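Two complexes, one shared chain (subunit A), two partners (subunit B, subunit C).
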Partner chain A sequence: MSSVQGKLVRSYWIAVALLFAADLVLIIHYTPDERSMGAVQKIFYLHLPVAINTFLACLTAFVASIAYLWQRKGWWDELAAAAARVAVQLCAVVLATGMIWGRAAWGVWWTWSPRLTFSLILFFLYVVYLVVRSSVEGRERRAIIGSVYAIIAFLDVPLVWLSARLLPDIHPGSIQLEPAMKLTLMASFVPVTLLAAGLVVTRFVLNRTSSAAANSDQANNPREIRTAPFVAGATLHGPKAIRQTGGAL
Partner chain B sequence: MNDYVIAAYTIGSVLLWGYVISMWLESRSVVRRHLHDHKSSGGRP
Partner chain C sequence: MPLVAQQFLLLVGKDLRIEARSRQTIGLVIVLGLLIVVVLGLGLGGGAAVGFGATVVLWVAYLFSGVLCFEKTMAVERSESALAALMLTPISRGTLYLAKLTSNLALMAAVALVITPAGVLFFSFDLSAAPFTFTAVMALGIVGFAAIGTLFAAVVSSTRLQGGLLAMMIFPVALPLVIASTQLLIHQFRDGLPVGGLGLGVLVAFDAIFLTASWLMFEWVLEP
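On to the complex of A and B.
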């Protein structure tokens, strides 16, 4: 990675952090409290964008897995693994913020309503995906098993999406928002989506680094390995560097 | 500001930005180890 690329990457993350901070200021100082729930409703401005981005990360893993099975190109599998890893992280945020909101709104941290149950299942499905990947020997075998699993795991996403609409559920299916609230919600999507996209791309490049290292190790070929994002102006060479990169998911 | 809102945004931010920082550290450690190894091998690739 050149120093220019490194600067661009750092600038990107600083911009996302600033947008995230600006969004927090917007939520705290600009957005009015909802009439029935009060200030607790403001959790919604983090919860919903992260939930939508969880679905997008799962969709990315799903599409990349289909593409891998179709084309058998390794980078599709690495993209699926990166998206799944980020989906787990995002889903953890969805569950945590949802539980806090539930405690304030319903008086309980958790209830086995359809949407909450399917969301928890989604979290564990992708955790298991990562565990399965790390336990399968052989790059191609791991990619095939991972791809098939990711395609099946994605079937839970429409269940999460539709559960509150089609089944009797304590979780709100839709919510009426004032214009100022709609604006804040739209604004909240920007930093969260940029952050999620940045996480997937960064994880993907780290996966590529590990994969290139593993390939070079197998071939004992001292080829150049490009470094991951954040770090400018450095490249790895040779088997020693290959051993150091490990096998990150 | 409501305590629940503060808790939700704190936990959410820690989980999201903590993962960003962990990947940044992962990238740095890979390069640092490489540079150390490169130096100890006498500069040979």
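On to the complex of A and C.
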């Protein structure tokens, strides 16, 4: 990374931190307390933007996975993996803030209400995606399987949401917001979205770097390259063997 | 008869003949399902899940038996590189998927035929109010479950991943089926409400979406 890029990255994260600080000031001092729930309702200004960004991260993983299967370019898969990792992190924040809010509002840390259930299943779907990716050997195979799972997981999201609505709900249906509350909510979207985007890009760059390092290792180790076809050829069958060996098997 | 239908019947016949001769999957899966019903019955002390609550216990038994069933039917193709030979034949991957799905569904139906009466008996679940509704809802659920199970079994089998990963991949994705079907049956048997609306829509949509998506993506995950 050049020094200019380094400065830009540092400036970006400093700007995000300052925006978060300004947002906190708005939440604590500018926004009034909600009538029935009191000060604990203020967690909502973090909870909702993070929840929306979780969904955007899942959508990014879905689109990148389709693009990978379409174009077979490794960086689409690396973007999907980065977005899924951030989705898991954000979803953990949604669950944690939801539980804290639930404890204050309903007196319990957990209840099987539709929205909590939905967040929990979403969290598990993308945790499994990360576990599956880390369990598969071979970059191309990992990318294909990861992409297939990410597509299936995202297609499942609306079904999870609809099925969770069948469960009894104690969540507030809608909250009437005063203009000051609306403004704070809108303002909270800015630092949270910048944080989520920054995390996705940072993770994506890390994935690209480690992928390039793995390629470079392979190129610098000719012995591995020379022996690989013999090892693989011994167990290859079918069209792949014919494709790889030019029909010599 | 069209060529695709002939190929499909040939593949399903092959799977079912292998199973009929070896009986290596069905016995194992049925015993596992029965044990799950018994263990949950003992664990719950017969109190919490009496009556319509048995549907939840049955789903747990279906899920674990199903995972083992999908794993075993795909493992058969691994022995002596049968899958590699199958992939060399001029049969589309979509037909391979549909045939494997049908074989899995046949085995799941056999498992359900044994486990369900056991669950009904142990949990004093009175099915007489709506036996056809129960059968239809569970059948819709099992079709969706087998649709993703067949796809993920091919994934796990082709990558030689550790055991247990298949269950981890299928369970979170299958949860809408479990929620929708148990809620539908609870409303039917406890409250006497007719089956329909959102719950039924989720089951039908799940089946349609994942049958199509798995059929399209089977080609990518299959590897000799």
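Everything below uses one rule, namely that the second predicted complex is superposed on the first by the 207 of 249 C-alpha atoms of A that agree within 3 Å, B and C clash if a C-alpha of one lies under 4 Å from a C-alpha of the other, contacts with A are read in each partner's own complex, and residues count from 1 in each chain.
The working rule: a residue touches a chain if its C-beta (ideal position, glycine included) is under 8 Å from a C-beta of that chain, and two chains touch if they have at least 3 such contacts.
Bear in mind that the values here come from a model prediction, so they are computed numbers and not experimental data.
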Partner chain in contact with A:141 - subunit B first, subunit C second, else both or neither: second
Which superposed partner A:183 touches (first subunit B, second subunit C, both, neither): neither
Touching partner for A:89 - first (subunit B), second (subunit C), both, neither: first
Which of subunit B and subunit C A:209 touches, first, second, both or neither: first
Contacts of A:121 with subunit B and subunit C, given as first, second, both or neither: second
Partner chain(s) touched by A:66 [first = subunit B, second = subunit C, both, neither]: neither
Subunit B or subunit C, by number of subunit A residues touched: B
Subunit B and subunit C footprints on subunit A, overlapping residues: 236-238, 240-241
Subunit A-facing residues of subunit C, complex: 81, 83-85, 87-88, 148, 151, 155, 158-159, 161-162, 165, 168-169, 172-173, 175-177, 179-180, 183-184, 198-199, 201-202, 205-206, 209-210, 213-214, 217, 220-221, 223-224
Contacting residues of subunit A [partner subunit C, same complex]: 69, 117, 121, 124-125, 128, 131-132, 135-137, 141, 144-145, 147-149, 151-153, 155-156, 159-160, 162-167, 236-241
Residue ranges of subunit A in contact with subunit B within the complex: 13, 17, 20, 24, 28, 38-40, 42-43, 46-47, 50, 86, 89-90, 92-93, 96-97, 100-101, 103-104, 195, 198-199, 202-203, 206, 209, 222, 227-231, 234, 236-238, 240-241, 244-245, 248
Complex interface listing, subunit B residues touching subunit A: 1-2, 4-5, 7-9, 11-13, 15-17, 19-20, 23-24, 26-28, 30-31, 33-35, 37-38, 41, 44-45
